[in-house]
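As structure tokens, here come the structures.
Each of the two complexes below includes chain A, the first together with chain B, the second together with chain C.
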Partner chain A sequence: MSNVPSIDKSSRFKAVQAEIGRALGALAIALVVTAVIVFLTSKSPIEALTQLFTAPIAKVRTIGLWVDDIAKLTVTGLAFSLVFQARQFAMGVQGQVYVGGIAASYVVLSPIGSTPLGLAAGVLAAMAAGALYGFLPGIAKARLGANEIVSSLMLNYIAIELCNFLMRTSLPKPQPGVLTSIDFPSESVFPALVEKTRIDLGLIFAIVSVIVVWFALYRTSWGLKLRLVGHNSRFAEYAGIKSTFIMVSAMTASGALGGLLGAMFVQGQTWGKLTVLFEGGLAFEGILVAIVARSRPLAVPIVAVFYAYLRQGAALMNVRTDVPAEVIGVVTAIIILLVSSSFSLGFVTRLFGAKPAGSAAK
Partner chain B sequence: MALLEARGIGKTYPGGVVANDGVNLVIEPGEVHAVVGENGAGKSTLMKILFGIEQPNAGTLMLEGKEVRFTKPRHAIEAGIGMVFQHFSLVPSFSVYENVVMGSEPHTGITFNRKTAIAEVQALSDKFRLKVDPLPPVGTLPVGQQQRVEILKALYRNARILILDEPTAVLAPQEVQELFVAIRSLVQQGKTVIFIAHKLPEVLEISDRITVMRQGKTVGEVKTSEVTEKGLAAMMVGREVTLRVDRAPTDQSQRVADVRGLRVVNARGTEVVGGLDLTVHTGEIVGLVGVEGNGQAETLEAISGLKPIAAGEIKLLGESITGLDVLDRRGKGIASIPEDRIAQGLATGATVAENLVATRLGERRYVRNGLLDLKAIRENATKLIERFSIRVGGPDYNVSTLSGGNMQKVVVARELAEQPRLLLVNQPTRGVDLGATQFIWRTITDARDAGAAVLLSSADLHELLALSDRLLVLYRGKIVAAFINTPDLTPETLGTYMLGLATQTADEMQPALK
Partner chain C sequence: MMEILVTVFSATFFVTIIRTTTPLLLATLGGLIADLSGALNVALEGMMLIGCLTAVIVSVYAPWYVAVPAGAGVGALLGLVMAFFAYRLKADIILVGFAINILAAGGTVFALALATGGDKGTSINLKSGAIPPLDLSGLNAIPGIGPFLTSFLSGHSVLSWVAAFLVFAIWYFLYRTPWGLWLRGVGEYPAAPEAAGIPVTRVRTLSLVVSGALAGMGGAQLAMFNYVGFTRDMTAGRGFIALGAVLLGARHPVGALLAALLFGAFEAFAVLLPGLFNWMPAELIRMIPFVVTIVALVLFSIRAQRALALRGLR
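Showing the complex of A and B:
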């Protein structure tokens, strides 16, 4: 280049700033569009929007729902970030949550569950099951060339139906015909951090996961190799990095996080037992969190805070007004579209005929 | 009156990169006008402006004295300008004539009139001496012929001015000569050719006038008959350059690499290297000569451990390494500079420091108990940035922020950070400017002088002739000729063997095989 853009020390900081600006810009645009839709469809739009934007922080109980969502979205966001950084498009977090939940249930409903070790045993069993479930599409890709997107999605269905099946057959139930297990022994249920809310030990697990994933990715040689494979797998091969091993191990580690999330569901204050479809479609929303966070582990919880708020706001709006929660799908879609298409706010200024300002996106 | 004139063209890209700054270009009708400059001098940007792909921020374009504005390539095409890019835009599975007429097909009613199309393409190719059969699919043709198809495409759309962007970069010497014949015939028939290049001998051979660009500006316009290669190079770089390396006499007694009966097959099962024998000694550079795709790249990849071999044995200092993986071979002292730095040599999304340490993640200096020693990694990077004068803000900058020449220096720095026993080099200076080329040549020669055995493959014969002690010509995966490099050896001689027009006998090759 004739005139290399002057690289100063702050360029990295500026890049981060620009990313944050873009994400917030996308959020703002998405919310404006949502507001328009609500105004067009609702009989009481002001009431609906008020619910969407204020309901989550209106009561201690709803704050609890919000924080619980933050913790869970963080873990699923981390699980996706880990595989995305290795440029593997494994979609198996949902399946890992189910097998994790099942494994935790069997352990805590066994005699171990009523001992002080029950809680930890449940979590470890869940993580091990999740890891195995993450390993399967990895090894299938490495050995058989099976596309990880397809195999992991199929494994999701298997896990969901397995949960369904076990619920109807072998798991102890409080009464015949219901599709929940008996309550877990109290030794194995995550203690609440704030009384009468869903804020429980899972939040601590989420915070620890953020640190562990960040450390693994940026401070260990495994993490560097993983990122190099993700940046350019041909380069990794050429440099002598065994990219197959990295790929499989990344998917396995991500599976362990998925399993942990399963334990957070069934052993947490939310349920405290196993039930069919306990995950409620949350696992997949980790994709959005990971995309907006650009797969950066430290950005994942921040994105989760915003997204969990919207998610709870939409759920409460759904219950209390005539606007369905699906409206939030519009928000999500617009955010993903804008963030992943690398838009810049310059286009907004051009739209209104103003002179495009280079700094608009920052 | 000039046919095409650019006055005071300025172009600043959104990122703040000034690609053109007050550029002037005057094209007279019926001439071959060369535009030369180093990579990043702004040649391509200027051509994109002439062809309507980019819009200038300043300046005007005049066509036959009238101001014109091209906001789309279509406008430029309608004004009679055609462009042949370095990377062709052809549909490989379509036939030659289909590619040529695509978008402006002759038709009867609503049906595509294939007969007329074939006849028209045939007529064009006869008229301009661009020999090419209109019927076979483009994908089956050699690169030189594909280029002719591109030229025919432009001519079919009645181009009066033809812009050729680095047309010789992909061609063997004989093909270059054929291209020049075609260019001369085009000019004779009233066409005007703008020829972008950075290989100066070719420019001097084909052009009438030359515009030299440097750092986004036009440095000057000269008559080809009035300049020398050296003078031109100095104008391009802004200082005197000597593209010469002195090869000191070295001790070449010890065999380092010993390859016997190497056979490599590609994914489709076709043999790409067929029973190759070669040796490389300490302190010598062996050049692998050949048109791209004749097994040079595969040979290098087989030795570095990236490509599985079908048969044969590879020995390093007498010890077989055939069964070792890439990392183990690196551990034995093999370093390699790959063909394509962006596709293979670097992780451009990662930082300079990470790229510089990527091949040494097994060493205790940088990794202990699985944990990275970030301090040591940064120090390593700082040291190498200094030693190889890489222009970058610091170790933590992403490689993607570097220019092509500096990216290549990162690759070279990593591979030559420690003196290798065997250095495998493929296209070390492709798309790299003169200054960096000079530096990279020096570095490779230094490694040789210090006792490394070097196996070099390059599409640039001048590079091979400048660096190599011995040259092996590969054709279809076999050695067809071997030479000891002497000043008498010319690109033309090599070209005859490269194209498979001749083969040396075993006795002729013997002295250069050692």
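Showing the complex of A and C:
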């Protein structure tokens, strides 16, 4: 993750160009691999690939799904970008989404929920809960040196079970035994921006988040310190920057974004209520978005646009053909591997030209 | 209260602990080897999961002693892939690890759907094999303590014995052979072994391969003994718990054994709890291993900080 800021404008432009080239190259390789897999396994490969690449823009409804996914992937991508820029590998966005969703649900289902303040109160509660959940592994690392990867992952599992537990026992349900809460009062549900689609206020939240995170990282002293800690924590320490404070605050801010995403799920047009496993594995996709965007907040939404399209295409392909949506996991892994490495198309040709076997052993 | 004590000290509980510990221990040993060489292997989870599926699918067509090495072999291959991207293509090893985890989460479901003809949840339609329990009822012949020994030692998976032996073997390798010294040196301060002409990257690559093989073997135990068959995401965080167990075990094989036993005991406890207290919510019981991991990690970190302070390093 080397994003050394260059002073020279033209070299910066070249660097951006190179990054885009690498990202597109990785995407192309990943798609070729997908196509090969589909051709090998599907009975109707052409139909499957057509669905993958064209289904999301075929109908207004599916475009709505796509845009909704863009908003959500943007927020999780930003959450991961923040911690990645500080070189913390906190993987807790999933847990933050769940506690955020739970907190929002409790606030929204209380009497506050049916007042005009309900919507804002739910979002704020979700962000606060997420921030707290991001703070915990941060403070454990700063004070005790507890590995943040392990602790944040454990917190994810705990949050999921907590959601299941509260869902079953404490939250009001339409009838006993179902695993969803009653619908939220309409005052607290994000209004749809486009009628009859899932495009809602969450999209605005996502856009605002991009601007806020960009501003915080590149136009405030906190952001400068954070990036310094990320590039070279020892140097930052010598320069008098409290790297532990930066670390904890980055993880807390990222947690607030995770919590916001939780509110976007449960208060959005997608659900408008709390259900078990409402997040559906989206939070972890932020890793890919952040990596391909090189943790740059302004690049995150662009990556999200492409990746959301792929995700929706895969989901629709899953429904309409015999190819499971999980094939997209293969695409994701290949893209992460290629983009995070110093791969280039020249390298690939060199690799196959020079030494095909035993290549890892040096 | 009595019920708990009776259960905890019974032979069945002991056997359950060994069963729940074995996959964890194998993965922890894998994490340990990689960690000591300076290559943090966050892909243990994914390697275990792919190991599970491979072992299950191979066991449909071949006996268990082929399926287990197949699981381990796939893990080793993933270790090689990790090393290739991390060292040859200079990617961040943690990101590479997570890429493998993502590949495993999606890829196993995809492969399962192909193998079962569309079933994306479980391998229930596949007639997969199991690792046979090792029958030591011959110990009954020992006068006096024979039946006692039998009830505690008989009926474990073959891999449990392998894992126990590996704890010793890895300890011997790390602390009594020159290669073990190389490995630890590479992890501790890579510049020095580099200067001494030790191939740092090759050492790390090999440790990742071994690490993957152990995690894959852990997966095989999970899918061919603890449970027979594959379900999606069946590792359920065990690879990440193993990562915590490496740190908790103070990066030492015996410590790894103790940490794995601790987590295994709590998992076994969680297995038995519903039968003892039906009022306890299942969700909270399922949380136990994760909460214990965090608590143990925090407590251990406090101790490690104190130890550093005592040595005057902080």
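Note that the second predicted complex is superposed on the first by the 338 of 362 C-alpha atoms of A that agree within 3 Å, B and C clash if a C-alpha of one lies under 4 Å from a C-alpha of the other, contacts with A are read in each partner's own complex, and residues count from 1 in each chain.
The criterion applied here is as follows: a residue touches a chain if its C-beta (ideal position, glycine included) is under 8 Å from a C-beta of that chain, and two chains touch if they have at least 3 such contacts.
Model, not experiment: these values are computed from the prediction.
Chemist: Between chain B and chain C, whom does A:Pro191 touch in the aligned arrangement: first, second, both, or neither?
Modeler: neither
Chemist: Determine, for the superposed model, which of the two partners chain B and chain C contacts more residues of chain A.
Modeler: C
Chemist: So in the superposed three-chain picture, is A:Ser341 touching just chain B, just chain C, both, or none of them (first/second/both/neither)?
Modeler: A:Ser341: touches chain C, not chain B.
Chemist: Counting only touches as set out at the top, which of chain B and chain C does A:Pro111 meet: first, second, both, neither?
Modeler: In the superposition, A:Pro111 contacts neither chain B nor chain C.
Chemist: Can A:Gly177 be said to touch chain B (first), chain C (second), both, or neither?
Modeler: So A:Gly177 meets neither chain B nor chain C here.
Chemist: Where does A:Thr220 make contact in the superposed view: on chain B (first), on chain C (second), on both, or on neither?
Modeler: first
Chemist: Kindly classify A:Ala146 by the partners it touches after superposition: chain B alone (first), chain C alone (second), both, or neither?
Modeler: Touch partner of A:Ala146: chain C, not chain B.
Chemist: Looking at A:Thr41 after the superposition, I want to know if it touches chain B, chain C, both of them or none. Which is it: first, second, both, neither?
Modeler: second
Chemist: When the two structures are overlaid on chain A, which partner does A:Ala239 contact: first (chain B), second (chain C), both, or neither?
Modeler: A:Ala239 contacts chain B only, not chain C.
Chemist: In the superposed arrangement, what residues of chain A touch both chain B and chain C?
Modeler: The answer is residues 1 of chain A.
Chemist: How about chain A: which of its residues touch chain C in the complex?
Modeler: 1, 41, 89, 91, 140, 144-147, 149-151, 153-155, 157-158, 161-162, 164-165, 168-169, 281, 284, 287-288, 291, 322, 324, 326-330, 332-333, 336-337, 340-343, 347, 359-362
Chemist: Which residues of chain B touch chain A once you look at their complex with the stated criterion?
Modeler: Its residues touching chain A are 14-19, 21, 40-42, 215-216, 304, 306, 325-327, 330, 336, 338, 343-350, 354, 357-359, 361-362, 366-367, 370-372, 374, 391-394, 396-397, 401, 403.
Chemist: Considering the complex alone, what residue numbers of chain C touch chain A?
Modeler: Residue list for chain C touching chain A: 42, 80-81, 83-85, 87-92, 94-96, 98-100, 102-103, 105-107, 109-110, 113-114, 118, 120, 199, 201-202, 205, 236-237, 240-241, 243-244, 247, 281, 283-284, 286-287, 290-291, 293-294, 297-298, 301-302, 304-305.
Chemist: For chain A, which residues are in contact with chain B within the complex?
Modeler: 1-5, 7-9, 11-12, 219-225, 227-228, 230-232, 234-242, 358
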